[in-house]
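Every chain is named by a letter (A, B and C) in the order it is written, and numbering of its residues begins at 1.
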């Protein structure tokens, strides 16, 4: 659907500055938004972004000025943005399953709240509990005594093994496996003897997990994904890892056993972390980096093995100039030899 | 089965040169083929490959000469190779499902062409359309309004979310997820607010996709996999990526959001591409490379961050000699100090 | 559950040295064990580890001495450790399916041993054979003529394609695909023509495979995973790879086509191996390494491209000092120029 700037202003009770007939059909962050999209500026200190944005219409704090831009001034731009997004999507079709499909296999010892939706061929084992508002698509597996909080959304073919705990509003995409055994062995007489993995996994409120992710259960205790953390596709989370709140773990990253992440940590794509280290709050690991040591809060690292990002960039720049440096060395040697001959 | 060189010659109406009683039981590319395998040479400019090939029998253009080799001269070697391969495999058992299994759950609002095969427990949602000749194995999920062109082959446990479009002759291997939500958030008051992913995925004719691959739907528009492109296992394709025709994307490679690939691009295994860049036609990204900038047509890159492959090799060679260079520097310093003492 | 040191000593018929009332509730390797855990020392030559271990109680060879530590002396510490672990877990609940679920779809041409368990919605195709003691969870797919030896344990949503062979006591975690087509094409007139993948996969006794792993079938022959090898989550094994016995392949590693691994090889996380190379017995590939050449038995490599680990560490150390080296070169140049001016 499309909506005019004037209609958005009416919807969010804002003050329109500029062209009220401008139409938007989508929305995005202020850096990525295009001409026909709505964006927002949360804080007036970011006003310089207004000069560069392609966004057709921007929700802004009350005092904001940017001549030539179509703005809508509001008290709380982020809140108004959410309202406008929901409005833009209100006519989108809803493909979610409803009710309990007759082919679902639900143990009489499981508790499914009335109103929860269970798709075709989904299996709910003994002692599992599914709270109200949950939607499970087709072909899922919910193991024994696993708990889903309210309003979880589970796409087709997700496996939640036994005794996994999900908070409220958790979203899990297709093909993801939560609660598989950790990779733990003790080598006895040349054979790798399996160390039983009898812990569990706790996924807190508002976590979203992408497709074909693997999250292993802890050996004894629990693997934890903190509130509001978002995990992209094909990520590996090993046993006993603890991830804090509001982290972003991008596609194909991997975290080895017993490593702890603070809050607001970012792991870019294909990053790898060894086991038994600590990653401080707000730390950032660049793509493909291999982290072998603990990282302090706020630190940014890059490379394999990872180093502070400034060092990594400086070293990479030097590596690009090695040819020149080698020439310099050879030239110096020639000049020194000349002296020695004299 | 086995077949003699003479029988192959008869089959493809070619001219036999050499030992007609030589038996082959398989086939391969000319560089990989073994003694008991059939290969082909598409163009006489590659004749030098004949001297090195292990292949027992080679299909070649009409004028080709290679003393000591068993050759079959034909007008179109690649066409004849296809004929011979199909003949060699004609007695292989066919394990594909037939008809519609009684446990499949097919919406009365879906359209399944007569003759299409739907395996056990596969689910076809409202508005999905499956054209003639399609074969879907067991435990698949086909979402609302998703379209499969003619003769698609979908292995067990594939998820095609809603509104995905497949062309003709698309092959998808088990565990692959097409149309999961892109990884898109806007951070509002310290929380990552989900940006709805309401676009779709278009997979063109003759694409083959390996096992446990993830291909995300676009935010608004569509993620595109171009005609004839082949994707290996465990690859990640993010939202709004557009891949051209006849590309090869090898295992565990990943492409971040909104990056565009031209035609005939090759991404080797475990390569990673950042978002919002352009990869020109025929570009080659070596294994484990991390591409952070656009690449021109035909360019080859290697390393993390990726550089033109010649620079990367030269720099790597220098890195192997750093020990020696450091010795040279220290030696020069000593000699300079000696001068200075005098 | 908890158990006292004295009770463990009685259980394994060992000699208690130290505090018999000390309670343990878990177990681990001697380097990782914590205060409330049981560990073991297989060989008295590792006695120095006793000084550092946090383990509350340690099973040790008969003559071992370590003042202040609670030890239990036995003839065969590793065997006694296994006994104690089994005892500690004997009351753990068993979540495995039993019998054949009525929704399972089992071909009348398949053979399932009496006593084997087949979970809900699992599909067993024509000619498949499942030996006694096997447990298959829900939503699995077992293809035509695939064979499972005794006591295999297959978690939900595993795909075993046609003609795959599993030995005894094989464990496979959820979402794993065994026997998908290898990635093989021949380019004919600008199109990638599929080379049929008609081989199979052999998985020997006591192999364990993690979640969302992909193991491709061979082109003609077979892909082999040797006895006792353990494979972590999201690993890629390409067609015609042969892995020896008792290897450890850690998460997100990938092995390209036709590469052979000896016995006791370790591939750390996110390592990648090119095709057609040989990795000797006991070789170790460090995390994120990219192996482009064959590796001799016992060799350890690191880096991308991978080098002997000592060279890689030395070169990395040099790279960290490039800034300093460049300063040295510039300083030398200045001093040489000074000479030249005189």
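The definition used in the following text is that a residue touches a chain if its C-beta (ideal position, glycine included) is under 8 Å from a C-beta of that chain, and two chains touch if they have at least 3 such contacts.
Since the structure is predicted, the reported quantities are computational estimates derived from the model, not experimental observations.
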| item | value |
| --- | --- |
| Between subunit A and its twin subunit C, rotation from the CA superposition, multiple of 5 degrees | 120 |
| Homomeric contact subunit B-subunit C: same or different residue positions, threshold half | different |
| Euclidean distance of C-alpha centroids - subunit B vs subunit C, Å | 27 |
| Of all residues in subunit B, the ones touching two or more other chains | 103, 121, 139, 157, 175, 212, 234, 252, 270, 288, 304, 319, 325, 329, 332, 336, 339 |
| Touch list for subunit C against partner subunit B, complex | 103, 105, 121, 123, 125, 139, 141, 143-144, 157, 159, 161-162, 175-177, 180-181, 183, 185-186, 188-196, 198, 212-214, 216, 219-220, 234, 236, 238, 252, 254, 256, 270, 272, 274, 288, 290, 304-305, 307, 311, 314-315, 318-319, 325, 328-329, 332, 335-336, 339 |
| For the subunit B and subunit C complex, residues of the former touching the latter | 25-29, 42, 78-79, 81-82, 85, 89, 92-93, 95, 101, 103, 119-121, 137-139, 155-157, 171, 173-175, 206, 208, 210-212, 228, 230, 232-234, 246, 248, 250-252, 264, 269-270, 287-288, 304, 316, 319-320, 322-323, 325-326, 329, 332-333, 336, 339-340 |
